[in-house]
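Two complexes, one shared chain (chain A), two partners (chain B, chain C).
Moving on to the complex of A and B:
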């Protein structure tokens, strides 16, 4: 378990540093089963920080969400660091961002948090109903205790944690400057059973499935906006000149969008599952990403976001690389 | 106006009787609800649904619509207007979503009456379904609505267990009642409906006192106030696309080699490219300006122009925001910040 007092103290200490300009952590949300990201600039705000199984968001995404404004003539750009709290899975985003040289290691202070799983809002709402009240939670090796305004409900981990947690191989951060809490034991493994299940479908069934799913898409772009690996300043799908993807919503453009999105993550997706979590129309986006993850692993023996010294898959070459997929 | 009723298990029959109408009702794909043209009346289920995920604004203002088509060398074009003689009925629309149409009507009937929107509005009959159990993020009574509000509706249905009680509110509503072949209701149903409306009103979980908000928001225009919310904004389109009163659109030409169409599609002030000029300059360069615009447009600019707040309290923007940007939280905090700002000014 993470001691929130220690976490807040570390945040204060970090925010006081001259070379840190903001810290991204979690705070209690106004209502419901998910916490809220908190972007702090002053040590006096650190008391609102929390960590518990409601802290679902991958805060590595917020490093690149901050817009760079033009610097006034004669002024120096603010090069101070951003401090960010990350769970094990989230830390893979930092690793991959570093591997891709999205920023340099000196630009960030990583506050790592060993994690025992986070709540899936959809599962919680099915179990306990929607709530207008504030929620906190505790997790141990078997159970999750969800406190809905004083009403505590205990449930098996598998019934409420996000799917990614049930196959989590990296509960401890893979990169961090400070670890906020004791490392936890790995409790799960990933056998890609979900991908196996999907692959059992015939091509016709798959088309039907994606036809139905992509027809729902309203192209709000929350999946790409939240993705820690979608940090391009100008995204190819929203670029207007030249325009590669039409803005109109129909099955053709929607499908084109989702295929582009998935392909641009080949060898890059770190499986934080944020895209699927945020989707307002419940498109199972991770199915595509997971299939790609397994292909990349099997074909190139590559796993993104685990080795800070590694190279991006698509920027490295080995004469033994398979080329079966090239017609 | 008449009071009608029909047995709940006769819903499919009632919908089938509406031969002269194109019928729209909520359709579920998994947990996601959206109003769709009904192909199989037996498949319509009005039980246990909260607000549809995507609001029925798309029935008047589709996410993508063709304005006209053109061909190289052609000198004139005909707008592709909706057929005004077609009759549509929306069954099961929630009172907040109907109220939203009355707000958006102001905009689409303003300096340039929009024939695409208006023709659909005119040809559509709105049969509401009162909410017996409000959602966890609802606050309709704070912004002129109620779980059983009649505003903007042609008829309002109440789910009374075994029967739907249908209260006709306009001539269009009467016509719907006749076309559906509904039987007359009695005092008992009308009283039960009134009671249900009152009970539901008491159950609405959230609220905001809006007095003064339209006036004090402009004082916060340049304030750092917005950053506590915008710093965690993803700049995605969830809050605006799912908002029943958000009405912004983009117009684009989609061309093949010799043919093309001019289409309009939903746009959102939360996207950076929404205000980006051809020169590259962007007057709303960061999430701060964009967040400010969304809130201020609903609670200040729109009321200033049309004397009504452009929010119906459906709670969709709160419920679907992945980072807990909660419009009620912003408005509540803006009161304190706005008061402080006014004092120092």
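Moving on to the complex of A and C:
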């Protein structure tokens, strides 16, 4: 487990540095099962930082949101770094952003946190109901102890942790300047059984499933706003010239939107599951992303967010790529 | 009186090989099916996979992307990139429930007019088998 005192001290130490502009971490939220993100600029604020299984949000999404203000004539641009706290899965987002040269390694200070899994709000609400109280939690190899305003409840890991944690292959950060806490042992593996199950359906059944799901979509674009890999300044789905998808929320445009989203994440998605977490209408968006991840791995032997020196999957090729469907 | 269903096929042909191949099929009086509507692009690597989604939205029943054989690309490597892209896009559309026979890719060189005819016949047959594309076609095209 991560010692919060040590984490806060390290955060203070980082914020005092001259070359660090701000630090992004987690703080206790006012209510509910998810911790809130905290953007700190001063070392005196570091006492509010926490890390426990309620820290679900992927903070790597914030790095590319940093405002690039125009620089006045004669003035030097602000080149100070941004410090960010990452779990194992979030660190893959940073690796992938580095691969795509979204920023350089010198622009960020990565405070890595070995993670034992985080809570799924939907599962928790099913178990304990919605809460207006503050929640903290502890996790070990078998159980999760959820503390709702002093009322401690212990449940099995698989009943409350996010699905991504139950098949987590990278609990330790893949890239970090400082590691807060000891490395943890890997406890699971990913066999893509859910993708295989879905593939057993006939095309008609698949379309029936997606017809239902996509019809619910209200196109709030939460999934693309929260995604750490969706950092284009102008997104293809909102651009008007050319207009790829119209703004109406009918099944045609919704389907096109979701195909576009999944397509743009093909070979880039690092499975932090943020898109599915924030979806207000509970569309299983990750099903599409996981299908792409599985196929990319199978066909091109590529895994995003692992090798900072690697090349983006669709910007490279292998002459021996499969082409079994090509006439 | 029932008319037989005739699918609409949109074909993206590369300027250097497949378009010339289609041209050869025409000049040598090979009869290929008129269902296919050809769009000439400079390279198969030019074709954005979102073109396919857009074509299916706007009334196409099938799509064909055709380029030079691997290694023969006029721009050296455009068709290698295209191959990766459409391999994936096809899998994605299949996952959403689109019949995989609607998305086709072929390598047709400038001297393969006869092959172009065979490819078109094949694509049309597959699209006929899949039936009209009505899953996510735009209901109102003009508004």
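Rule of thumb we're sticking to: the second predicted complex is superposed on the first by the 323 of 327 C-alpha atoms of A that agree within 3 Å, B and C clash if a C-alpha of one lies under 4 Å from a C-alpha of the other, contacts with A are read in each partner's own complex, and residues count from 1 in each chain.
To be clear about the criterion, a contact is a pair of C-beta atoms (placed from the backbone, for glycine too) under 8 Å apart; a residue touches a chain by one contact, two chains touch by 3 or more.
Treat the numbers as computed from the prediction; the structure is a model and nothing was measured.
When the two complexes are overlaid on their common chain A, residue A:193 makes contact with neither chain B nor chain C.
Shared-chain residue A:240: touches chain B; no touch with chain C. Once the two complexes are overlaid on the shared chain, A:250 sits against chain B and chain C alike. After overlaying the two complexes on the shared chain, residue contacts for A:226 are found with chain B alone; chain C is out of touch. Contact with neither chain B nor chain C is seen for A:72 once the two complexes are overlaid on the shared chain. Contact with chain B, but none with chain C, is seen for A:282 once the two complexes are overlaid on the shared chain. Residue overlap on chain A between its contacts with chain B in one complex and with chain C in the other: 250.
Taken in their complex, chain A has these residues touching chain C: 198-199, 203-211, 236, 244, 250-253, 255-256, 258-260, 262-263, 266-267, 287-288, 291-292, 295-296, 299-300, 313-315, 317-319, 321-323, 325-327.
Interface of chain B with chain A (complex): residues 29-32, 34, 53-54, 63-64, 135-137, 205-206, 231-238, 241-242, 250, 252, 254, 263, 265-266, 268, 271-273, 285-287, 318, 320, 322-324, 326, 328-329. On the side of chain A, the complex with chain B involves touching residues 29-32, 34-39, 57, 61-62, 65-67, 69, 122, 130-132, 212, 216, 218-222, 225-226, 238, 240, 243, 246-250, 274, 277-278, 280-282. Remark: chain C residues 49-50, 53-54, 57, 70-71, 77, 80-81, 83-85, 87-100, 104-107, 119, 122, 135-139 touch chain A in the complex.
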